[in-house]
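What follows is a single structure, written as structure tokens, with notes after it.
Every chain is named by a letter (A, B, C and D) in the order it is written, and numbering of its residues begins at 1.
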Amino acid sequence: MSTTLELRHGDEALTVALTIDGERIRGTVGDRPVEAERLSGGAPPYATAGAVVQEIAFASNGRTHRAVVARQPDRILVALGGRTYVFAAGDAAREVSAAGAGTGTIVAPMPGKVVAVLVEAGARVEHGQPVVVIEAMKMETTLVADVDGEVARIAIAAGDTVDGGVVLIEITPG
Amino acid sequence: MSTTLELRHGDEALTVALTIDGERIRGTVGDRPVEAERLSGGAPPYATAGAVVQEIAFASNGRTHRAVVARQPDRILVALGGRTYVFAAGDAAREVSAAGAGTGTIVAPMPGKVVAVLVEAGARVEHGQPVVVIEAMKMETTLVADVDGEVARIAIAAGDTVDGGVVLIEITPG
Amino acid sequence: MRRVLIANRGEIAVRIARACRAAGLECVAVASDADLGAPHTLAADRMVRIGPAPARESYLDPAALLEAARASGADAVHPGYGFLAENAAFARAVETAGLVWIGPPADAIATMGDKLAARAAAMAAGVPVVPGTETAAGDSARVAADAERVGYPLLVKAAAGGGGKGMRIVRHPGELSAALEAAAREAAGAFADDRVYLERLLERPRHVEIQVLADRHGAAVHLGERECSVQRRHQKIVEESPCPVMTPALREAMSTAALAAARAVGYVNAGTVEFLLDASGRFYFLEMNTRLQVEHPVTELVTGIDLVAEQLRIARGEPLGFSQADVRLAGHAIEVRLYAEDPQAGFLPSAGPLLAWQAPAGPGIRVDAGVAAGMTIPVDYDPMLAKIAAWGPDRATAIARLRAALGDTVALGPYTNLAFLADVLEHPAFRAGETHTGFVDEHLAGWRQPLPDLHEAALAAALAGTTTGVPAAASGSLEPVLPTPWERLGRWRLGT
Amino acid sequence: MRRVLIANRGEIAVRIARACRAAGLECVAVASDADLGAPHTLAADRMVRIGPAPARESYLDPAALLEAARASGADAVHPGYGFLAENAAFARAVETAGLVWIGPPADAIATMGDKLAARAAAMAAGVPVVPGTETAAGDSARVAADAERVGYPLLVKAAAGGGGKGMRIVRHPGELSAALEAAAREAAGAFADDRVYLERLLERPRHVEIQVLADRHGAAVHLGERECSVQRRHQKIVEESPCPVMTPALREAMSTAALAAARAVGYVNAGTVEFLLDASGRFYFLEMNTRLQVEHPVTELVTGIDLVAEQLRIARGEPLGFSQADVRLAGHAIEVRLYAEDPQAGFLPSAGPLLAWQAPAGPGIRVDAGVAAGMTIPVDYDPMLAKIAAWGPDRATAIARLRAALGDTVALGPYTNLAFLADVLEHPAFRAGETHTGFVDEHLAGWRQPLPDLHEAALAAALAGTTTGVPAAASGSLEPVLPTPWERLGRWRLGT
């Protein structure tokens, strides 16, 4: 059996192409050849909050690895050796990354309360300039402009309670 | 919603009849009235080895209980407060228990090796009399007759390797 | 005292429930709507609902907690840490309701809870304090003059503060007014008290604190120190005992000062006196925390004394069962706090479903956790998931055990600081014991998670997709079976 | 020494892997076909397959283990306990292969492994032994005469024995020949050595053992005692340190005897000298276990000394890093062994899938486990699932913590002795420290599990059936999705 999975970690695209014959695995991860042996064992898989969680054990280059993998529709989280690797998967992996470039859309990183809006509509802002203060999980956090540009829209006011992911401020880059 | 479950614990039949309205639970367990509140939480359910394993939390009579429940086709195992409760369920719960009476059929309690057969076919044996010695999990275990009677059949010989549940000796009660 | 209401949540509520059970006491958990069925509610014998998710309508609501105690027949209240633990009015209300307050006298809480009053009390007891203004910051002209006198860099601190809330660093006079405003606003929101004051910012101090225990009969002992210098956002993330640079003479001096501060306010029960220790070995009173400390396990690991059990005994009026000479410090213990937060984004708190959770184990490892796989980390509370601690006969062994334990820990879902904590433990300066409150900024600014096993992780991700019999979605409701995640993941199905 | 092969499985292999990692050593696990992917294989850095499930073709196969060491580049072998740990020929073969043997010299193993030689060595060193025959049992007439001289009741014991295998109690002369035959057969099967001998059966003795550590430079210390009287089928199930009736004078006498026995055979590394202690305070050498003991965690908990780390250091040729005066016993530790066995059916071993496993946690709790939910407990090996231990400042606290921890433990699938162990801890005679090797027979014969929460358990069973979105069967293969257990459980579906 063969399988191909397109992943992206940060800006790095990683295509995993494997041929699986029982517990024997051969193929490539990115541009590296890989040879591994799948090991049984580990806790039974389960589903929670839209994710499938599995323990995956394998030996590769003589070393044993035990990972916990949570698959969600657009990303795969892997816990391995005390570190978490977050991969975009599927369509999300194929999208050209805009990370680092900035979009000018400032969203609430999580549900919280808007403490202060530090800019006005129409104002020019610089990359890194504080634009809004939000209190979430008992901490005040300052959100900064991710582009140079002009404030096109302020969607909230101080005192508002907002959900995570909600657009707070839009900045037209330029 | 209503639900009825016939259980048996040892020789005791226990019918659980519940009316469930959201998290409110009312009904009877055996002949005792019960009122409880289902609590969310607990690890996600999973399936393993033909069993469905769930954490079940509820409050009853002011006390909080957290159980781990493993459902198999014919029995339900419940871990609660450091004790394990094994219930027969479904058809198995309705079978009249023959426990304690003895059937004369001596089966291997687990896979192992027959070390010695202590009786011969046709011999009379008494309840409690050693009939076969089996070695399993590094221990010699002596199996005894569970009825008075006559040895009708000896299905194995010393040195045989047997699977768990295999009939070793049959004794005709009488 | 027969039944204890635990007026808290998370790991500390679990830990208190265990202590109650070991002491033969019943315990009652409380739960906001966000916490129904959370681990702390299942660790107790009983559970009472106390209100909606927001803390001020549940864990910060004295009336709801007192009603929970009444309804459950509790005769004592343990406040844990945070929430109402240092709220003198709540302590008084508990005692007025005829319940035992498992903590210090309300007056001691009130005095030490007001940083200005605490500084005054410490000075009166002959305990050195950090140079600063002794009165609340008033009009801006006077504050500017005070600031010049204190000297830059300085700290603006909330009089009612704690845990870094309402605190700002000011390096230049031009930043002063903005810092005062921000600190006052944060303090008003967090403590309903906008008084702030100024304190000299010491350069590269160590945070060292002394654990004290005092009974109702006048006896008081200390249980040695904890060093808690490794902090981010002014909150501790790594704590250890003993302090790597402690000497017998310094311990004697600091613990004498700590006990003097405690006696000055008539302290009873467990408390912690915090000091800053500078490179020359001088130390300054910072504040007294009038409750159980988050990092109390490291003291338990080196002394063998169960602080919560002692709190229960003291609250029952029993005398301390040991003297100062009986307290021996053995070996070394280090604790890390596992937070749901993103160390690559300014330690921004994170929340959401905890998809997987596996605690480490092994000789000398202690885990205090308040989470379980499948639960949702609420946005409403502090995002600490667990404390992971290791004891060893020496500091190097404790570090090695703790580092290995972090490698065995799994927490998937929210961002966590797990890999960051591992890199703190690996850092040569930490291994050398060269810690101070600026450690994270000095050594780990701009930290990015190393990716030593990226290819192995990608392989694991791919292998996870090659198992067909995946579990279907599980739900606690009676609705029709949900589409399985497998179906929803169809876009990246296997080729063949 | 850079890479250690762990020639064992289960919890002890996990524990050794952790010690190697903390010491900065790589480690290699070995696995029979029954153990592929078992927790011990995932705790190590590497894994090597060594053969089919039966122990004699894998964990008891010296050639397979040596080949595994060679193939994996290991330069040292830790044998754990059981299997080949006390096999002198294997120890020699390891050293002949140029590998470090993390254990005592082969000659010491050989002498102490032969109970008759061990008794002779002990007597020569002035250590009191249990009265008995000093030669192997021969023809039946002579044996009968020997038995009369030793006196009834007596024990038939395998010269090569250990762990209760090849041992039989004989209360009357008429039982002697059957017991000799059974013991010899079991001994031949277990040890390939059918020699047996006779020993006086002491009435209600305590089993008390001394832990010793000796380096290659002539230094030897003891780490106090463990009492392991609570046994079933002649195997320990509850162990503690210190012994509840120990006195300083008795400890001095026993440890002096233990060190004399160890020195008599030129002992190096960790070992345990077992004694029987009678009600009058007299003690008798029983045997010396020339390896790490199952119950070593209780010693680690009261001394703070990591025995496996010390084994590694000693094997590297390092001198002991401490003297006898540095060894302090603090507090009290108790361990229980969680077995897959049915205490209601003569402690018959149990096996099969472990459907659920949850280890307890909390202050002072240590769990050494080698199992995971979803794994199958093989029929081929000892059915111990885990060791659960608690430390407390005193015995009562240790008992209370351990009892609470057992209440939090979940092990579903095979029968286990979990509830039985809880009832041992609850028993007034145990609480009073009145333990002896007949404790289980005297106090818990015919034990049936109490059913205090039967109705709550039935309610939980019913509620488990009311969740619709249950997980489908999960399989590691690529076959079509299995019918879900839910479908197979359809016979007792909900009414509406």
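Following the convention adopted for this analysis, a contact is a pair of C-beta atoms (placed from the backbone, for glycine too) under 8 Å apart; a residue touches a chain by one contact, two chains touch by 3 or more.
Note that the structure is predicted; figures quoted are calculated from it, not measured.
Contacts with subunit A and subunit C are shared by B, D.
Contact count check for A-D and B-D (C-beta pairs in contact): higher for B-D. For this pair, subunit C with subunit D, the centres built from the Cα atoms lie 39 Å apart. Inter-chain spacing, taken between the CA centroids of subunit A and subunit B, is 48 Å. Separating the CA-averaged centres of subunit B and subunit D is a span of 28 Å. Residues of subunit C in contact with at least two other chains: 373-374, 466-467, 470-474, 476, 478, 484. Listed for subunit A are residues 1, 43-48, 53, each touching two or more other chains. A complete topology is adopted by the chain contact network, contact being made between every pair of chains.
Here subunit B touches subunit D in the complex through residues 1-7, 9, 12, 14, 16, 18, 20, 25, 29-30, 32, 34, 36, 38, 44-54, 56, 58, 60, 65, 67-73, 76-85, 87, 89-91, 109-112, 115-116, 135-141, 164, going by the rule given at the top. Looking at the complex, you find that subunit B touches subunit C at residues 1, 39-47, 57, 59, 62-64, 66.
Of all residues in subunit C, those touching subunit D in their complex are 15, 18-19, 21-24, 297, 300, 304-306, 309, 328, 330-331, 359, 361-364, 366-367, 369, 391-393, 397, 400-401, 404, 466-482, 484. Residues 165, 182, 185-186, 189-190, 233, 345-346, 348-353, 355-356, 358, 373-374, 376, 379-383, 406-413, 415-416, 418-419, 422, 449-467, 470-474, 484-486, 488-489, 491-492, 494-496 of subunit D are the ones touching subunit B in the complex. Residues 43-48, 53 of subunit A touch subunit B in their complex.
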